[in-house]
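Step one of this worksheet: look at the structure below.
Should a chain be cited, it is by its letter among A, B, C and D, assigned in written order, with residues numbered from 1 in that chain.
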């Protein structure tokens, strides 16, 4: 693949990383968020403080961490804490600006399923489960989501609500967040391999930007409801040569995430 | 003072230290317990694990700690923990064999006051307060008490119950300890400058041994109730030359506790 | 807490009846086939090609599921002998419906409700660490996870270490001691004992193993063959390490990143 | 939490209206006169010999009292944004009667009652530490007390350090970082800033000061004279340290007890 060509996954990761510009403290979820956040740290957000749920604040991974418990997130970090302290004082304590999550299913209000496809007691597919996602979803000030978009993942009804998004809409979400004293305002962006979505005032997600070569019909074909689009749809700027170099040479030379 | 002569305080500390023979893990209270336990560690209980509430397990103080937060309890210790972990996992978790406490007032059932003399809201004397004593009293498997004995300290009714002993007697104490799931069996010995007391089956303390030169009338004159005595009263063996040397040369050369 | 390859292996070998967890997977790679085959009816009905331990012959795996913080709270309550641990998670999720042990508790200050998780008291907690002394005083640096809480909560504790050190090494730096010998029942000295996972400062994750596992775990026959070759037919862990080969292990050694020293001061 | 000499000084100087605590005293020596005079009616009625700040002119000190674990629980709940923290203390004591904020809470598992303490969120937490970098990343060894919880619970955090170090020193040993710069509002570099108390590895407690304090604190006039000489008439902390004198401070230096080094490993 030449430097000017790029894969859908590369576009998704680059677009997600760029959303972190200006953010300060980011809780890094397992999988795609891990590579997107590490790319952001090397590009638009060099001062970003990376928080890993295994107990690291201020990580400076010398390579892409193979998992969210990789020793490279410890060496050179600002602080290592127990998970107890990380979840109690950093996350529930309200110090996280952005929680960056992946998802298997998402609905129009940004509610997330990472638990099961099918019935809980008799699942068609057993997924990893919450991990820290359900607590990140309500305690991080904002939630960013990165996931591949398909009719199986963008669904009208998620099979299990692992992590709360805008619940049944902004009105309900804001009331419950206020009543329960949640620190987070909920999901603010969803980046996929096709598009960038933000959330309307009523809490439903809206396509704002299509990745190069993607049409709104491509998006419709991969969403289980009639999706909303911004009046004027932007086109996501293509990955820069430097972004591609970082992904291909430093972060994911094996192409595990991006090929 | 010659090696064969000794003060009442020295006798008290020596007698208290000897009670620790065979014990494994001791939570060291502020004041007199500190010197008694450090003497025990150097004599009858070299394997005793000293726990200090400021967050040390397995202390090996090179000198008598000036307080229970002295840096000498850290250097050479097995482990340092936060107070949260010390109180949660070591004490409330049930790992402490003996809690060694001092007291300003004690009643016949071993209930302890270290809070106020007089009314709580308008005290005659404001004492230090609980510190960790109220939690040591119910969580340590046994409680040892060391205190000077006088009509002001051995009282019929304590002015404030800071730390639970045998409550109104063994029957009530055992019922509540069972119901509440307390790990401790309560007080088992009180060592004073005059005598050694243990507890009868009904939960009331009983003089078992008088220090050399002390009569039962001396004890009666310093107790605010009619004290019980064992049928045959022992005489506490005098301090050995080595015990006195350790106190005078190593532990309390200034005589702060023992003169 | 976070079942990964070693749980997949144990479950494939028939060692487990129930899984209490918050996240399961092959981190950064994919799924765990042995576990999925015992949870998903469509796959768990398929008998395995192997004898008694084939997945198809084993009962469905019971599942009791929390979030990470929920598991941390459970161990914390277990270690502290608390009847419950309060956390702010689970609101408006389906987890309390899936697990009736996640319950609400009222604040006694009239300011609302939080969720509670019950104490967890493992029969045995096994901790891997860089070093311990013969008395079991154990030091760990790098990620601490929930190992301290899980150890204090347990009935028995086994510590597996890369290196057995003199007591003086431990006592020179007491702030690094995570688990006191007081609660340790056995110390096992087993270098590379965490393979294919890593130990901070000692070796890296054997990522080839994790990648290879993805194919193995999808195929019950391959998994059982792996267990025969790498577990049942070997005489203990040392044989496993020898079979991995010195070259493979040497390739996992990281460069050096020393901590520097601090001074505790001598107060006598 | 444990008011000692510095609290006695602040209260004598009229800086406090209320004391929230679990133990008060001059550790290993005796009582705190300024505090007692503002709690005990018999003594607090006696006007002090000095002007506006004399104890007799000051209102009775409000008192809100817990045990050590209660205070630890309060800070923990404050740091974790929990509405309460459950502990097994206080049963069959007079403390819940003396402090109505100590309340019972039912276990949602039907296995009884524990006590709860409410969150404590200080306006400011001041922590003394061995070292921090310019961003406020703070490392402590030796006793940790409840400093981490108190810092995370606070609205603002001030760290006072013996030594300002390069960021690389902190990052070389991340397990020693107790407080991240993220929550620190100011770093104050003030060697001997903990005097008359100690700093692990840096200096010992100035025990003569504690012993001397016993006479000073019993006498309001002597205490006010001490405040004039050592606080009000001095131009900051450096002047206080200079006035103590190099010889006195040199006598507080401990011998060396190095921690040894560990290796975090370089994974790139």
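Following the convention adopted for this analysis, contacts are C-beta pairs under 8 Å (C-beta built on N, C-alpha and C of every residue); 3 or more make two chains touch, one makes a residue touch a chain.
Predicted model, so just to flag it, every value in this text is computed and none were measured.
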Chain labels contacting chain B and also chain C: D
Taking each chain's centre as the mean of its CA atoms, which one is most distant from chain D? A
Between chain C and chain D, the Cα-mean centres are separated in Å by 38
Per the C-alpha means, the centres of chain A and chain C lie apart by a whole-Å value of 26
Approximate Å spacing (C-alpha centroids) for the pair chain A, chain B: 57
For chain A, give me the residues that contact two or more of the other chains. 56, 70-71, 74-76, 80, 88, 92, 181
Listed in rising order, chain D residues that touch 2 or more other chains are 76, 81-82, 87-88, 112, 141-142, 144, 148-149, 172, 175, 200-201, 204, 254, 257, 264-268
Kindly provide every pair of chains that touch. A-C, A-D, B-C, B-D, C-D
Could you pull out which chain D residues touch chain A in their complex? 76, 79-82, 137, 148-149, 152, 170-172, 174-175, 177, 180-183, 264-268
Would you pull the chain A residues touching chain D in the complex into a rising list? 25, 49, 56-58, 60, 62-63, 70-72, 74-80, 85, 88-89, 92-95, 181, 183
Residues of chain C touching chain A in their complex? 2, 21-25, 27-29, 35-36, 39-42, 65-69, 72, 76, 87-95, 97-98, 112, 141-146, 148-149, 198-201, 204-205, 207, 210, 254, 257
Complex contact set, residues of chain D against chain C: 81-88, 103-109, 111-112, 114, 116, 118, 130, 139, 141-142, 144, 169, 172-173, 175-176, 200-202, 204, 254-268
Where on chain A is chain C touching in the complex? 30-31, 34, 53-56, 65-71, 74-76, 80-84, 87-88, 91-92, 115, 120, 122-126, 128-135, 138-139, 160-164, 167, 176, 179-182, 256
